[in-house]
Amino acid sequence: MANFKGHALPGSFFLLFGLWWSVKSVLKHHSKKLNKNGRVHPGFDQVEIIEGVVKVIFATIGILAEQFVPDGPHMYLFSGEPRTWVKLMNWQHSTMYLFFGLSGVMDIVTYSSAKIPLGLDRLMLAVAVFVEGFLFYFHVSNRPMLDKHIHSLLLTAIFAVAISIFLEVFLRDNVILELFRASLTILQGTWFWQIGFVLFPPFGGPEWDENDHDNMMFITMCFCWHYALAIFITAVNYMLVQWCTRSCRKNNQELELRLGTLKQKCWKNDHATLLNGSDEE
Amino acid sequence: MANFKGHALPGSFFLLFGLWWSVKSVLKHHSKKLNKNGRVHPGFDQVEIIEGVVKVIFATIGILAEQFVPDGPHMYLFSGEPRTWVKLMNWQHSTMYLFFGLSGVMDIVTYSSAKIPLGLDRLMLAVAVFVEGFLFYFHVSNRPMLDKHIHSLLLTAIFAVAISIFLEVFLRDNVILELFRASLTILQGTWFWQIGFVLFPPFGGPEWDENDHDNMMFITMCFCWHYALAIFITAVNYMLVQWCTRSCRKNNQELELRLGTLKQKCWKNDHATLLNGSDEE
Amino acid sequence: MANFKGHALPGSFFLLFGLWWSVKSVLKHHSKKLNKNGRVHPGFDQVEIIEGVVKVIFATIGILAEQFVPDGPHMYLFSGEPRTWVKLMNWQHSTMYLFFGLSGVMDIVTYSSAKIPLGLDRLMLAVAVFVEGFLFYFHVSNRPMLDKHIHSLLLTAIFAVAISIFLEVFLRDNVILELFRASLTILQGTWFWQIGFVLFPPFGGPEWDENDHDNMMFITMCFCWHYALAIFITAVNYMLVQWCTRSCRKNNQELELRLGTLKQKCWKNDHATLLNGSDEE
Amino acid sequence: MANFKGHALPGSFFLLFGLWWSVKSVLKHHSKKLNKNGRVHPGFDQVEIIEGVVKVIFATIGILAEQFVPDGPHMYLFSGEPRTWVKLMNWQHSTMYLFFGLSGVMDIVTYSSAKIPLGLDRLMLAVAVFVEGFLFYFHVSNRPMLDKHIHSLLLTAIFAVAISIFLEVFLRDNVILELFRASLTILQGTWFWQIGFVLFPPFGGPEWDENDHDNMMFITMCFCWHYALAIFITAVNYMLVQWCTRSCRKNNQELELRLGTLKQKCWKNDHATLLNGSDEE
């Protein structure tokens, strides 16, 4: 969908996943450090399955939106005589969503059964991100310079994520790679919004001159600022999660302490009552 | 051989190997998990040698087919005055088959003797795949746009396989890399068939416009669909093998159980007879 | 700042850091070999924090210099009607400094608290260097051939450093990677000075013909000579540090020995005095 | 030196080193397998030092040949008024030899002192090979198509060697990487000779049409044949070394056995004489 919404929708998906991944990776990291055996809490498997389900749902929404918007292909691949392809752009976007959906299915299968070798979920996710980049790469030829450039910047983020996730196949549960992935996914999300704002200004306003070299230079720099912002967001998330887990643990300890005192009191009372009772008897 | 058969032949080879590798890697993975020492069953060495022999046979068939088809070079490299090269395309394909043959020889040597360092077989296979991609890369210049593009998509699959196999030199018997390799080889196989169907429609039909940008976009997307299919085939193979090994083991256990009961019965009977016999004596 | 000073300033920064890193990595290597537990002396954490602070200070100086030189943008991003971008070159340089500043902040945070996973400091530094190269890459289009070439040679050094630091995320405290990084950073430093001398000769003199192919060939070779020099400087630093640590240790041992003898003497004297005193009493 | 000898000289150097490395790596591999502690025989350090010395000598010969051939620059870098560069091609070749010389020096230093961290020798060699490729890359622009292509094929081999040696920094004494390096170095050597034969036919004969596409296709294929040959040579070397070490060991064992029998005989004789002597006394 070559309009503002068509960029805001995937942008929001990526932003959500980036934020969630930055939270998840820190939670897993703390869980590993707290556990005596150095393993992740088994409850995270449930979380991964839910993540997979959400991926499948988002992918389905994406495919349906691309196919059945008023100017979509409505599942027709070709039509007319001589045959011409129908709305290939929407078909390509549907294909991207399809692979993210497959990645969701793989997440569900991997974490719900111990039979599937771990790492296939990351490989499938890396493939999904790579396919996204691969289709984008051939997507943007024959367009004005700025349009091409703004999408090719996106490609940098996409291929960096793909490589980072591919490394996770072999370096599983590496918190640094996971935070790197999260920050790059946030970057993708905000950059999709940026593309929407530049190419299809939602509030009207003057259009960007797509062949001005200064615009190109600004956009390149702006991409770096977006990444600085993504790093900042990831850092804030890191600190929030750390603060929450710590205060949570303190509350738990206090609660346990109070419960302990209460128990002791009760026990004393009971004991006293018992003794008194035995006295009274 | 720039015709339909010339693409169907290697396509079938790759498809067969891809299917076989997806089966083999799962079998090896299960064998490793069942064995208490975590090693692969030694019988797999025999299988690898047979695979090597098959590779050598396929490579020989390929070379002979390329050289001695009616319009082939019949082993002449140059001819005429002034000298001109004879059917270099067929010579290049022969060279590709040659390297796959060398990889087969290396398989046989590696697995039949404990003296050769393990990993050389994977290195040689990676080299063979790389040489295939290398020759294709310089193969397709000076052709129409669609022809170039459809072959360059193939290159993506080829170089991805080459890198994946090169990683296997260091991460040997990694089931994820092996399944990745299998799926990409299936992709190569089906894509060779696709190239044949697009460039040399076997059942006649209208020819593709080789300079239409929409055709390019469709073909790129179609390549991704082929990979989705390859992943699906690999997944089905995985499940079939898992189901087979499990039912096989159950049958074995039942058989052993029945044999056990039978033996016990026999033993009892014998014993009884013996006792009776001793009584009768 | 497209003048001699604008290249001498970052050149000096990189040169300083390269020299410092070559010294630091050798010191750390020796500290590890001398310590019985094979760990780096904990005092190095203080050093890393100071390094982080220096990075932040240098980055701030760089940003302020780029913004507030007489022909700088003075923090204006756009101006006029119709809006045009103000001095984007200076803004891009400021962005580069910003990321090095962020890397400094990450150094401080990582080494002052045990909560942050180690390796994030290297990742942030790798990102900072990558962003530098990324901005340079799109920086130099639309310039004369020699200008482009001399900057693209710089890119080789920059991306090599970025990859090398990224490897350090996983191979932490690897002295070879650290010396490699140091030598490449020295190369960057000297090459910035070289660019300044070629494009903006400070002492007048004839200008370089920016479209002469021979100049290009010389510059390429000159880049290699700079690296040979950088290797030489790193080697000299290595030897100096080794010599210093050894003579330092010897002096310490001698000092300890002398102190020991002195102590013994004193003790004897005291003892003698004591004995005499007890005699005198 | 743009003539036949200028390609035959480095070709012979690389061929020699490739052959030597293929022998050395197999010898080291066997030495490791025979030693009970799994280490390489310490005598190999001496061999590495000699290799370093040979590298330095070869590099010196190369530099002197490039500088002082009749049409060489004789150490003049520029001359005339206005100043022009003198024979930059020869200077570039000298630079390549310089880096191989530095690698030789590093070999000597690394293996003669236990203070230098191992791996720096491989890093320096990787840098030397990379610099060779780097200079070649910018070397061959502005030439006819075939000339460019035949050199760019060489680049494939050079960069593959550089990457392979860089991996050896981290995977030290990996026999597969060492054999891979040896085979690629042999390829470089034979390909230098091939370039000489194609561009400067030594025995006269018709010149190659440098813009014929068929020639390009043949040369690409020929490069692959060279690699098949290089693999074959490496394999033959492997077998020869294996056969030699085995027969050597057998001879040694026989010798030891004979010496043992002789010793026993001598001992018996001595003993007998002794006994007799003691009898005689």
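Letters A, B, C and D mark the chains in the order given here, with residues in each chain numbered from 1 onward.
Here is the rule we use: contacts are C-beta pairs under 8 Å (C-beta built on N, C-alpha and C of every residue); 3 or more make two chains touch, one makes a residue touch a chain.
Please read all numbers here as calculations on a predicted model, not as lab measurements.
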Problem set entry | Other chains in touch with both chain A and chain B | none
Exercise. Taking all residue numbers at the chain C/chain D interface, are over half used by both copies (same) or under half (different)?
Worked result: different
Seminar exercise, completed: Looking at Cα centroids only, farthest away from chain C lies chain B
Problem set entry | Angle of the C-alpha superposing rotation, chain B to chain D, to the nearest 5 degrees | 90
Seminar exercise, completed: Cα centre of chain A to Cα centre of chain C, whole Å, reads 35
Problem set entry | Intercentroid distance (Cα basis), chain D paired with chain A, Å | 49
Exercise. On chain C, where are the residues touching two or more other chains?
Worked result: none
Exercise. Pairs of chains that touch, anyone?
Worked result: A-B, A-C, B-D, C-D
Problem set entry | Contact set on chain C toward chain A in their complex | 82, 84-85, 88-89, 91-92, 95, 98-99, 102, 115, 117, 119-120, 123-124, 127, 131, 134-135, 138-139, 142, 169-170
Problem set entry | For the chain D and chain B complex, residues of the former touching the latter | 29, 156, 171, 175-176, 179-180, 206, 213-218, 220-221, 224-225, 227-228, 231, 242
